[in-house]
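For reference, chains read A, B, C, D and E in written order, and residue numbers begin at 1 within each chain.
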């Protein structure tokens, strides 16, 4: 264990969340839950990034009163990354949901294993 | 010149289905002409060869495709080119009863070129290249009848050959990396300085490569493709699976052992012991399987397995004498086995009988075929005065001379195998000539000797069997020179 | 040579075999030399077929989820290992994090010259008061271009997946047959309260969205967030008034063209700026006065374009999920 | 700056833009645009390649008005340009070869959407190839993933949708890990541009700071990309995805998409972490082991398969194992071999997929081996092409597979500890390859058999046959004239440093 | 020009012509041709033996392996035996083979075997010898399986494979001998240079043992004797006679050649190989007699007897003493004539009565008195009752055994020989007793004289007389042999 675990509690939470999301995505057989896991995972990363950008005692990177001093604002880059990340996550969620809908319409089930079983039966 | 020799049969083969032959005999004349022409060219080349290497193409790095004529290639190319015209002649007659003639002759003739490619290859890569090519052009021949059995056989053949080549490939890599060059130089090309303390790894790789090439030469755990491949038409089984293909496996092993890894490096190591044990086992194993087999061609195929290991046994003795013995058997066995296979083919062609127990009394109906078969059987057994005795003698002398106790055991294996050879060959002869008291030969009224196209090759081979047996000095001396690196 | 044993038993003894060999009557090996006809190998043409069928049957059995215990066991094992893996991952991440630079510290690798330049000269180089907006739409515009295309390609895939097209002959898509008939009630109920509130809220929401978009370079917000807000407004409208109403001003065609124009504009505009930038040419786009609405060069138009795309996309997603078409 | 230097940027942009344009075009026009774009990008990449070979130096290209640590950048070297050219060739041929099947398997009204996906996929591949920025890479990885998913599911049968779901799940896990690794890396270095990260990493290593996070970050990125490129234990999604999607998709997916990720990994290894630093970690050993296992298990699964497409798909798993094995060797030679294998496998695998479709078509659409009996006679070109592809896969000289095997083996010999394992597994894997590919080849030539299926001549499928011929030629070129290509790869890798 | 080849090639070519000629010949013509061939060959052999120049190098197989013929005293003894037995049995066959099919084939192979045997006798080096040894096997097995019944074919194959097995075992030795000798030419006293104590020598001892075993197969020595009792009853009687009288002697000849002409007696004397050989020989002697004693079938009984008697000879050779060796050589001749006669008689009995078992032959002496008298005389000879040939040879054997430097075998050997002689009496004389004294219940009314044809009786008579003559005038032979035996030992 390194020295900064308690100082970096935000990141630690992000890591735990990430793993929760990861596990969900991996293990849940229900597709909706999988998607929720995916979102948890993504959110964890945003949290992580947000924590990275934060500098104690500084404000959001919007120039107020023409002050363009580094000391005044937090790091803007992670915020930008989060923005991009969110869009990606939205797109992916939409895609996953559409797939889920299509599968549900066809197989009337959200359980991936069950769908797989039906498929195997149908295929062979 | 070499390129021309290799390409001529390939082109001739490709032309077969393309040219419009109105009559069958035109096709026969065309093919036979091409093959004979090529054989003449080969012999001309062998007699007037130069030392230079002919470079065809570059691969990556300093790897290239190039050709050269040296002693071993003279032996192998001479052998192949000597047998091919006769085998083609035989095939014309034999194929009258089979379908898809064109595709047969296409691949059959192409194989000639590819085999010559193996013979003339100047380095390991070129040989490997033609070796793989040989597999590919011969698969359609094995598959030729398209029966389920043939398909299975060709599948197995492919698996085994390609898989074997994969391991041989590793040996190739070793030679590329640890050798000064990949060219064939008698005595090996490995650079001991590069090897350092990796001797054992290299030996392991040698054993793997040996087994890899050994697949074609039907070394023991990898031999089951050969009997199965006997479903192919007899000219194929005879020429390819008794001579060209399997011998190219043995040829490759000789190249690998004597010309790439070098006997200095290998002699007396555990690798030699290993391969020798494998080879000895194969000698006995092949024969005992042949004894149990009742299908004539498969029986001969098992016999081939055993006899190929004779060659390898000579090769793994790893002395010039051993190489001499190996080369002698390589050539002599080719003649003997092709003769016995052609007899079997003639029997099948004339009577449709393919099992040993069906042959009762046929000896009186087809005296020429069975007479020749008997002679080749005796030769294979090693009766003095026929070719087989000489090659066995040379092998045994090499083994005795090597002072290797294991090789002494090898001689014992040779003799056990000779005994088993007697059993499986003579039981055919006995059946054919001594059918038993109450045998009724009325069912055999139709059987008779085949026509001249089939008999001519048989007679020629028989003459050679006897000739080699009685007067072998000059040719064996030549082989000795080859083994000593004179050529 | 014992005669005490009965003949049959004696015939089985070693002594009997030995003596019969001694007498030359029987030979252990040679007795079998004379060939008996072996069974001919007959490839069974049906055999292969049967093998393949058996193979299939086995596969069926394997994939019979409910009854295959081995598979179940494997599943559980798989889950256990996955959980272990995740726990391991978590531990690994925590250890890693404990070694990372401290949060909130001012001196750490992240706060380097890059962030410094964005903050210090962002205003004059991009003209955007919102440093983040300046960053994503000017300094790192290529990322954002990609990002908008992520959205675009996601819409395309959703379209592929869910759009129910009639085929050439005008027959309905065969996929509709799969659907549960109850799912096909696209039209929401005419809910008076909802309609009332919606007619009040939708304009506000949309105006707010527009505000966010237009002020993207000046304050928090921008094309994505504003577009999402507008999309939400549209969705609310749709829910309140139904497809019939929305189709009057928003069809697939509208969506297509809006997307096309916005994205094309985005592409072309950014291409221009990339090209000029890379070739060290002077960009003709004026920066304007920082802080004014019409400032910061391309950022405002880009925000508008992005906003349009996002709004349409959001709406399109919803419509697709709902009905499989606009 | 020469005008040619704009070409990477142009190629990314026009492919991206053409995606947008295709959304309003009717099917035929979209198809034309698609072809033209691929061809144009190919031509540009070719010119760029020649230019770069001439100058012998790579260049960076600002995406905007700001230089390295602030603005986005793309970068082009010999390897990038060559890869782009190669991707275009493969993509063009795959599209052409699978076009006729597209009509059967995809709803007609969605054809133009298919072309959009292809265009975007191309642009994302190009971006992955050219990018010099990690975050850009992430964004385009996502585009790549989503459009690949679209390619899988555009043939809307149950299996493809399920496969798409599985593909998405695995991909998302991969992206998540990749992104997390990227974030940690960013935290440690404060940069997103590859060259800057590399400098910082070198500095960190030198100072001995943040060792654990650094390694974890690299590991996460590697695992992420491994999952995405279906390295052995993460390959569960692959057979269905490649096996059931429409043929162009399968060809493109197997030969390009996964290769895009792998190429990105190479870039990360060279341009972000530094080759030597990467090799000093234990990651390469893990990659090596998984590569070897992939080679064996992929082939074993393929042997068991009785569906030709799925068999080819499983073979991909094995081949990807080869590539990672090359990474795992941790030498320049291993890397060269891997890159060459990327090319060779791409050329071969797409050939196999396209040929397989020709074979299944003349067997009543069935992909079971038992129905394919004698298909090689019914569709001669496809039969020949499949045979050629199989031989290449098995590693018969003359074909590309042989050269990559040769390079792998030669590379392996230089690595003391891994030599024997590599060589033996290489041998075994070749045997296994031989088993399943030759089984198929023999099968398609087994009997003239069931004549109830129609025969197809050259005239019936001109495009298909021509595409197959091109593929075979490509294979043979790679197999015979490999030296310049290997040189180019070496040069390109040298430019990375 | 090469007269030494004539007695070899002439019968072989004649036999081949008979075989190849496709049409069936009339029986009289066939027997005429064969008979004249046999006689001519016999004459050729005798004239060649009288020849001045007694060696010939025909050609070289390999550079150092000539096909080489030479005639020495051993050749003389064996070729005389061969000629006598073959001619007699041949003429006997003309009568006997009437009831067999495919006579032409029989005569063909018979002639070939004759020629090959001559070659074997004249062979001047080991390779030539080996060549003819193999050819002998190959040309004689058709004689064994001639009747074509299943048993006959099986017996033929068994004979073939046992012989080849032996031949290959000795070939193994030849390979090694070739390396350790300069040449393989037979030289009295041996040509081996290595000493038995050296490592090579120790291996060569093993090789010698292998060769003894290998050639011992032909001579029916213990572990590989089983082919004899199978082959003899199955073969036609004249073939059995030739087989038992001459062909098995080829094994003896081989052992003489290898042990005394290649290895040299000194090399083996006192080594474990000699001990083992003696043991095997004695075991075979005793075992053969015991088996014969228990055997009811006449021809099989004679076959076991052959097994036993041949090992007398081998014992004589194994002792490596002058007297024993002489005894062995005498026994070769004596046993050859006696056993030939016995088989011919058995053939005559089978031919006339069709009965094969001893206990069926009550009163046979009354039916065929001449034949049975001959039987009784030669039986006594085999038992070793003076004045027949058997007595002299056994005498020498016993003397040699007692004098030889062979440790405990000095006592065991003669004892076993005596016991075996007793057993010989036990298995041969019952037929005489039964034949001449059929007992009270024999029906004399049904008795009819069934003396066989002249072609049968004359050879029998001739050989009986010969066997007696050897016993009466052994000095002719011993004098002839003494000098050269002393050169061997």
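A few notes on this one:
Please note the rule applied: contacts are C-beta pairs under 8 Å (C-beta built on N, C-alpha and C of every residue); 3 or more make two chains touch, one makes a residue touch a chain.
Worth saying up front: this structure is predicted, and the values here are computed from it rather than measured.
Minimum number of contact steps separating subunit A from subunit B: 2.
The central chain here, found by comparing per-chain C-alpha centres with the mean of all protein C-alpha atoms, is B.
Comparing the CA-atom centres of all chains against that of subunit A, the greatest distance is found for E. Annotation: 13 Å between the Cα-based centres of subunit A and subunit C.
If each chain is reduced to the centroid of its CA atoms, subunit A and subunit E end up 102 Å from each other.
Chain geometry summary: the mean Cα position of subunit C and that of subunit D are 19 Å apart. Here the CA centre of subunit A is 27 Å from the CA centre of subunit D. Counting partner chains per residue, subunit C has residues 33-34, 48, 93, 95-97, 99-101, 110-111, 114-115, 118, 140, 143, 147, 150, 153-154, 157, 161, 175 touching two or more of them.
Across the assembly, subunit B contributes 423, 427 as residues in contact with two or more other chains. Residue positions of subunit A with contacts to 2 or more other chains are 2, 18, 22, 26, 52, 77-78, 84, 88, 91-92, 95, 99, 102, 106, 116.
Partner subunit D is touched in their complex by these residues of subunit A: 2, 18, 21-22, 25-26, 31, 34, 38, 41-42, 45, 48-49, 52, 77-78, 81, 84-85, 88, 91-92, 95-96, 99-100, 102-103, 106-107, 112, 115-116, 118-119, 122-123.
Remark: subunit C residues 21-25, 27, 30, 33-34 touch subunit E in the complex. Interface of subunit B with subunit D (complex): residues 57-61, 63, 125, 128-129, 132-133, 136, 139-140, 143, 146, 151, 154-155, 158-159, 162-163, 165-167, 169-170, 173-174, 176-178, 201, 204-205, 208, 212. In the complex of the two chains, the subunit D residues touching subunit A come out as 135, 139, 142, 146, 149, 153, 156, 158-159, 161-162, 164-166, 168-169, 172-173, 176, 179-180, 183, 186-187, 192, 212.
Contact residues on subunit D toward subunit B in their complex (touch as defined above): 391, 394-398, 403, 405-407, 409-410, 412-414, 419-420, 423-424, 426-428, 430-431, 434-435, 438-439, 441-443, 445-448, 480, 482-483, 486.
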